Each structure stands twice: as C-alpha cells, then as structure tokens.
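Next come two complexes, and both contain chain A; in the first it sits with chain B, in the second with chain C.
What follows is the complex of A and B.
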C-alpha cells in the first residue's frame, strides 16, 4: 500500500514536470524544424528561421521594445527609489497611507488599467500620444509599485545601526545616503530595475491597447501574427527573446543583483 | 526587529534644512500615478455611469450588461475558467510543492529550476507552445491520427479546455511557490511521529499534511483565480472566438465596437470580481490569524 502511494507520488511529480517543460521543448523544436509544426515526420534541423530574424520586420519591434523597457526601467527605478526613500527612510507623516497609494495599482487587473488609459487619452483628445509615449507611461504605472515595494523592503531590512554609526561618526545626511544607505540597498534597487525591464519587455495586456501600426512592441507583433498562422519564425522570435531576457538577468546579476540580495544585504 | 531598529532612528539634527526633500522625492511618483492611473480609473468609472449623448448619469450600461445575455455569459465563463484553473493549479502543484518542501538532495535544485524556469519564458512563448500541441493539426492530434486512435482531429483548441490548460501552465509556478511555503511551515516531525505510530503514507498525507497546508491551498487557489481571471493573451490565443472571457470581450468592445461606456462596465465587472476574490482572501487570512493567536496565546 505504502509502495503504491510512493509510486503514484513519483509518477504524478514526473507528469507535472513534463507538463511544465513540454511547451518549452516544443517551441525550441519548432524553431529548428523546417515544417510549420512539430510533427512525426522525420526531423531535419534548420537554422533559417533564426536567420530570418535579421529583418526589419522583427528587428524594429524588438528595438522598440528594448527602448521602451529601458526607459521604463530607468524612470520607475528613479521614481521608486525616491518614493521608497521618502516613505520608509524619512517616514514622512501618513507614510502607511502613502505606501498604500503607491501600491494601489497592483490591485487592478492590467487589462482594466489598459482600458482606463486608452479611454482617458481618447477622451482628452491625446490620441497622438498613443504608441511609444503612452506605452512608456502605462508601463511605468505597472512597474513603479513593484520597484517601490522592492526598494522599500530592502530599506526596511537594512541594519539601521550602520546608519546611526555613520551619524555618530559625524557624517552628514547626504554623505550617509551616498556612502551607507545607497550601497546597502543597491541589490534591491537593481532587482527592481531588472524586474521593471522584464515586465515592460514582456507586457501584453496593457500594450495591446496602446500600440499603433508601425509603433508596436515585440510581444504584440508576435501575438498579432499568431492569430493568423503558426509560422515557425515565431518560435525563433520567442526563443530569441527569451535568450535576450536571460542575458539581461545575467548582466544585472553580474552588476550585483539578486544573489547578493539573498546572501548579504538583508538579514 | 526591523521596525524596532527603524524606530530607534536618531532624530536628525539637520533635518530642518532638508525637510522639503522627502516630499519632493515622493511627488513625481504620486504625480505619475495620479495622471496615468487614478485619473483614468476615475474617468472610466464615471463613463460607465454616463449617458453617451446627454452626459447625464444613468445605469443603462449596467442594465445592458445584465440583460443582453452575452455579457453575463462571458462573466460566468470567466469565473468558471478561473475556478478550473485554480483547482488544477493546486492539484498539479501539490506534489511538486511537497517535493520541494521536503527534499534535501541536489534534485531539489533541479526540480526548483524546472518548476520556475517557465516564468522567465514569458506568456507568449508558452501559449505558442500549447497552440502547436493542441491545434487541429498539432502534436497530439497528429500522434493520435498516426496511431489510428481517432479518425478526425479532436477539438482541443479554441475552447475552455485549451484555455484552462494554457493558463494552468502560466499560473502553476505561483501556485507551487505558495503551496511550498505553507508545507515548509509544517513540522516534519509530525509526519515522522505518525509514521512511527503505524500510519500509512496515505493516512499521513490525509490526516496531517493536507489539513495543515489548508492556508497554502487557499492562497494558491486565490492567486490562481485572480491571475486567470485577469489574463488576456492566453484566452485570446487559445480560446479565440470560440471561448470569449471578460478580458477578450473588453478588448473587442474598445477596439472593434468602439463602445467605451460598455467596455468600462465590463472592466468594472472584472475589477469587482477580482476585488471580491481578494476580499475573501483577506477575510480568510485575518480570521486564521486571530484564531492562531487565540490558540497559541496561552503559551506565549
């Protein structure tokens, strides 16, 4: 009986892990196969879908996405850092209420935020704002609460004794912020910025309302194609963009991001 | 501990010279959020109550939502889909979460990476994978046709089944994480004790692990439900015209029918569904906290 339960347990574990990995394997296989789907035909490998990526059809939306995500990461990084500093470090009056305000967009589904923004822009006659500027604004609204929360957590977790010691030793406020606080919370800020970049780069539910023909992001371009065909070049686009995201995470990790936060930084 | 450390912050002597600075630091964030979140949300809510021509207050859009048949059906489809996703995420995630909470070998790291890696791949890639697998000339139908099990392709895509499969895959890592945290909080000695006293594996799971991990099960279901209800890309691609949910119907209202008040009403319906579910979660959590503090109050 116990044996049977164990066997069932391992089978269910294995099945779920297969379920998780199956679509990823299928997409990688499709990106290398000459036909449009993974079938039981004898497999030959081809790299031509990846070669097709070097056309403006895919490079333009990719570069647009990178541009938007970079601006969003920079803006929400700076704003989130300042906001968390004011609320957590300075504890200005009403800081709890202010923090809830700063985090309130998190409780609204993205698609609802997207509708609200597109209706708002249309109502006040700013349709010309659609495309890149609207995408940046909407993605900042989406990313800012996450960044604020991450920076706030690392500000709340860092050892205030260090700050106090610096003060006793005669450091002024700006000096302490520059030499003590900022280096201590750097991992939190960097992971917030990375996260902002990724959620902007991958975003669909907000972007879908705000793009314009010729001014679109990569995920939106991909899903617009997907509705009509399963062209294997899309598999190549997806695999390449995942590789790009992994590279970004790796780079930020090198600068001193997440694992530094796990091992040092917080208590 | 942390709050104590912060409370001991020394009063800064030079605070007065910089008193304006925290406010100045906060204001850009508040300005961005008011301009691109609070104001648009307010406008959308107002629009849902406004008559289109005369701009007078009205409930007609809400009335239409409840009476046109299609919208309520979409609302129910969204709820049903999210419920199915919540259940399947929790059922499928449980064995993985249990393994991650209890395993000590190096396989733990492998399973952990496998369970969470899809999260980095983005929703489009995974949905595309399921499209290849489930469509009429896809992987599964191809296999079954070759084996002669079926003579015509099974309808696996553009329906509830496909959307639930795709969303379960998208949400699963979050379910696994919340179940894992909860199972990690159960003292493994309880399981060992029960086993020593002669309980079978099944009895240990049924009478110890499952009841003690109920908070994790609830939070996994809540996360899965809210993520599924607000998802757009997966229902759009895997459900398509065959299975419309609120998210995809809102998109149609905005971009095809250009009916903004009605889109606002649908968005409000989705928002209220989510807030309702979150409210249930908050209530459950605060009840559990108060019960836990009562039952452990004597010892502390």
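What follows is the complex of A and C.
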C-alpha cells in the first residue's frame, strides 16, 4: 500500500514538473533554432538570435522594464510595509475594514483596471502621464495588495513578546521597529518586494493600455513584434528575461531568505 | 527596614466587566525575593504586567522607589523581565542579546563588553557568546534570558514562570542558581509561579493569590505552618482538611468536633470568625502501635489502615478513624521501620499545635 502511494507520488510529481518545464524547454530550444522559422531541431543550433538582443530595439524596452519594476518594487515595498504595520501591528481602529480595502484591487480584472486608469487620466487631463509614470502608478496598484498581504502575514507571525522584551530593556518605539521588528519580518518584506518586481516586469494586461510609442516595456514590445513576425529572436528574448527574473529571485533570496535568519540586520 | 522598591496600592484590573485583579496591596522591600504563587488564571501575569507597565491598572497606584509609575512607559521603568518563553531575539547572537539593554541605555562599548562577559559568567555561559538562540538548549536559553535581564542592572527583576519549560532536574538546579544570583546581586526579585515547591524553596516571602486577590502572604515556613484558609492549606503542600461542626474552648484546649462524633484538641487560637475547618499536615501525624500510651500527644486516635502507598522516601497511609473521618499520614521510611499493612489497627498521635483551625 505504502509502495503504491509512493509510486503515485513520484508519478504525479514528475507529471507536474514536466507540465511546468516542457514549454520552457521548448522556448529555450526554439531560441537556438538555426532557421528564422521557430522550429525544434536539437541537433543544429546557433547563438545568433541572442546577439540581436543587444540592439536598442530590445535593450531599450528591457532597461525601461527593469527601471519601472525597480521603482514599483521600492514604492510598493515601502507602502505595503506601512500599511501592514498600521493594520496588523498597531491595530489602528477599523483595521479589518482597512485590510479588506487594501486587498480589494485583487478582485478587479487587470483589463478593467487598465481601462479605468486610462479613462481616469484622460478625465482629469493627465494624458501626458501615459508612459513610465502611469505604468509605475498602475503597477503599484496591482502589486500593493500582494506586498501588503505578505508583510501582514509575517507581522502576524511576529512574537509580540519580542517587542515587549525590547521595550522593557529600554528600547523606544523607533528602536524596536528598527532593531527587532524589521529584522524579524525582513524575509516577508523581501519576498513581497520580489513579487512586486516580477508582477511589474512581466505585466501585459495593464501595461498594454498605458505605454507610449518609444516608451514601452519589454512584454509589450514582444507582443507588438509578434503581430508582424514570429521568429526565434522572440524565444531568445523570453529566455533572457526568464534568466533575468531567476537571477533577481536568487539575489533577493540571498539577501533576505536564509541569511536573514542567521545574521539579521541589526549590525 | 529596607527602603521599599515596589508598592502596589489597592491595584485592580478589569477586562470588560470581568475583574481579573481585585484590590491588591503589596509592599516589596529592596533586595527581597518575593514569589507570587497561585493557580492558573488567578491573575499573576496580569499583576506582573502592571508592574512592568504593559498593562495599565483600572484602579490604584503602582510605585517604584516611591514614585508613581502609572504614566511611565515600560522602557523607562528600569525593570528587568524574564519571560516564560524567554523571548530571546532570534536574529541576534547570545552576546548581542545580552548587550541589547546596555546599548539602549547608551553604555559605552568597552564597558558593555565587560558587563556582558560578567553577566554570561554569572549564568555559566562563558564561551557561548557567538551562538544564536536556536543553537542552545532550553536551559541555556533560559540562562541567556536571565543574563539579558540582569545585565543592565535593573532595580527590580520580574520573572514570569521562568522555569516552567524545563525538566524537573534542571528546574531544581536552576532554583538554587537563581537564588544565588539574586543574593549576589542584591536585586529585588518578583517571581511568578504556580509551583508551590519552587516558591517555598527560593522566596523570602510568598504571596498566595487566588481569584485575583491575595489570599495570604508571609514567609514560606509561616505559610506552611499557619495557613489562614482551606485554599492556602491545600495549595501549599498537602494537607488533611476536615470540616468542623462545632468548636468549644475547654480548659487548655480548643475542642473541635469533626465527623460524626470525633473530638480533636487544638491549640487555643484567636480567630476572627467561626471555625469551619481544620488542617492537619500528613507528616505531623505520628503512627503508633495500637493502644500505645500518652507520650505527650494531645490527641490519640484509633484507626484502621485502608491503603499503603510506597513513595520511596516515605509511606503514604490512608487511615480510617471511623465516624466518617479519614486521614492521610506520611510515614518516613527508615531502615528499621516496617510499615503497617492494610487492615492493621494503629493508633495516631497528633500534637495540639499541629491542628490548624480555619475559618474559610
């Protein structure tokens, strides 16, 4: 019986892993395709599509996306931290209602949000904001609930006795936040920030309404290119951005995940 | 008489309409080891939290060194606190944990280093400074928590059941150590526990709490000898509590009627109310052969053995005195002694001073 369960376990694990990774493998293979059609020919490959990535056609939107995602991660990280702090830690009056309010953007489809933001901007005469500023604002709206939620969870798991221990040892509120609360919830904050970065970097449904010609993000540039041609350079773009995202996750994991538990941030 | 370190002046605390602490008066002199002892939920932690400043009293005043503390936040009370779950900062090393309070006080770095070293030495944790709390055993974490609390030299140290997560052996060793540390530092300790042995072993004074009020306070020996209520007699040590149907002063004795028709002779005592119970400690009862003579005992009672339990160092004997009275007797095991067997007839001797009349 146990054997059967264990066999089933391995089969299902394998299936899920294949399901997740096969499309990625196909993309990687396609990006190495020697012909300009997207084909799979594992015995013949070339790296020339990757060389194309250094052209400003791809490099500019990539840098724009990185810039936007960085700013979005920073802003939503700070705002999410403040929001979660007020709601979970200080338990300000009406904090439950406030939390639902903070998470409410999750329940609106992104397309609807995009249309709403465009309408709003033109209504108040701020069409000029389209492009980077609007993208940042919209992505923050999108990412904030995730960040708030993650920080709130780690704050809720924070042992209030640690705060009391610091207090009775003479630490004022700011010192307690800096020396005890922040180091303890750092992994939660950092994973929230990582999430915000990825959400912004990969976003299509919102960005599609807000980009301006010459001021576009990488995913939108890919979509636009796809309308006219389908060639392996797209696969190369995708592989490259996948590698970039994995690097970002890895870096944040290094800073905040395991090592935070070991050394903390009090030095 | 030493200066008073902590005073509670008719302190009460209610949550919603539930009174959790009721009108407590307590004065703790500098350098005393005081235990607050009581069953779970009697308001010990609440009382401690009010002294620390985490909970504001609903009524009354709390003074430290004569100064009212009601508006002083915990971080400015100069009090140490050892938590039941230690509450060590997991992201700091042992040294950083112990140094935290000194850092908050703005103590110079080199001075802090020396103080941390000596605090770690006094809890026998030299050489552990670079470890993180999760790399320590429960007992070691407990010591770090203690070192962290004493390093800034607070005037008062509050301890909330600090040993309850340790195993029995370690707990007994730590009792002695805690007491030694307290005497070395000359610091006032307020020690909360529900373990009466712990309280008896360490304290200069024990405050017994029950249902949010102080049931009795005094030196451990006095509390043991002269409990003032059924609750205290039962909570501190083991006791035989008998219902007294009537009491009368006859000649040199107070005569207490218990059970159907049994009379016990107790010391004459001044009691405020009507005597309703009496308490007899199991170890104060002598087991004699049947029909043994006087030998100075005020009470000689015939009994039948119902049950004998071997506790190793002693035998616990369940004796039936007839007329609906049963007594637990603790008979110390000696090399020569042969404990009575179930069904044996024995005679019990109880000194008049060992019968404590109780009103409540």
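A few comments on the model shown:
Throughout what follows, the second predicted complex is superposed on the first by the 227 of 267 C-alpha atoms of A that agree within 3 Å, B and C clash if a C-alpha of one lies under 4 Å from a C-alpha of the other, contacts with A are read in each partner's own complex, and residues count from 1 in each chain.
Convention: a residue touches a chain if its C-beta (ideal position, glycine included) is under 8 Å from a C-beta of that chain, and two chains touch if they have at least 3 such contacts.
In this text the structure is predicted, and so the values were computed from the model without any measurement.
Once the two complexes are laid over each other on the shared chain, residue contacts for A:180 go to chain C alone; chain B is not touched. Once chain A of one complex is fitted onto chain A of the other, the partner contacts of A:171 are limited to chain C, with no touch recorded for chain B. Within the superposed three-chain model, A:156 lies in touch with chain B and out of touch with chain C [touch as defined at top]. When the two complexes are overlaid on their common chain A, residue A:101 makes contact with chain B while staying clear of chain C. Of the two partners chain B and chain C, it is B that touches the larger number of chain A residues.
Touching of chain A by both chain B and chain C, each in its own complex, is seen for residues 159, 161, 164, 167, 172. Considering their complex, residues 1-2, 5-6, 9, 12-13, 16-17, 19-24, 26-27, 30, 37-40, 79-80, 82-83, 85-88, 90-92, 98, 101-102, 104-105, 107-113, 115-120, 122-123, 137-138, 140-141, 144, 148, 156-157, 159-161, 163-164, 167, 172-173, 202, 204-205, 208-209, 219, 222-223, 226-227, 230, 234-235, 238-239, 241-242, 245-246, 249, 267 of chain A touch chain B. Residues of chain A that touch chain C in their complex: 159, 161-162, 164-172, 175, 179-180, 183-184, 260-266. Across the complex, chain A is touched by residues 52-54, 73-81, 83, 85, 87-92, 96, 100-101, 104-105, 132, 148-149, 152 of chain C. Contacts from chain B toward chain A in the complex involve residues 1-3, 5-6, 8-10, 12, 14-15, 18, 21-23, 25-26, 28-30, 32-33, 35-37, 39-41, 43-44, 47, 92-93, 95-96, 99, 111, 114-115, 117-118, 120-133, 135, 137-139, 142-143, 146, 169, 172, 200-202, 205, 226, 229-233, 236-237, 240, 247, 250-251, 254-255, 260, 263-264, 267, 270-271, 274-275, 278.
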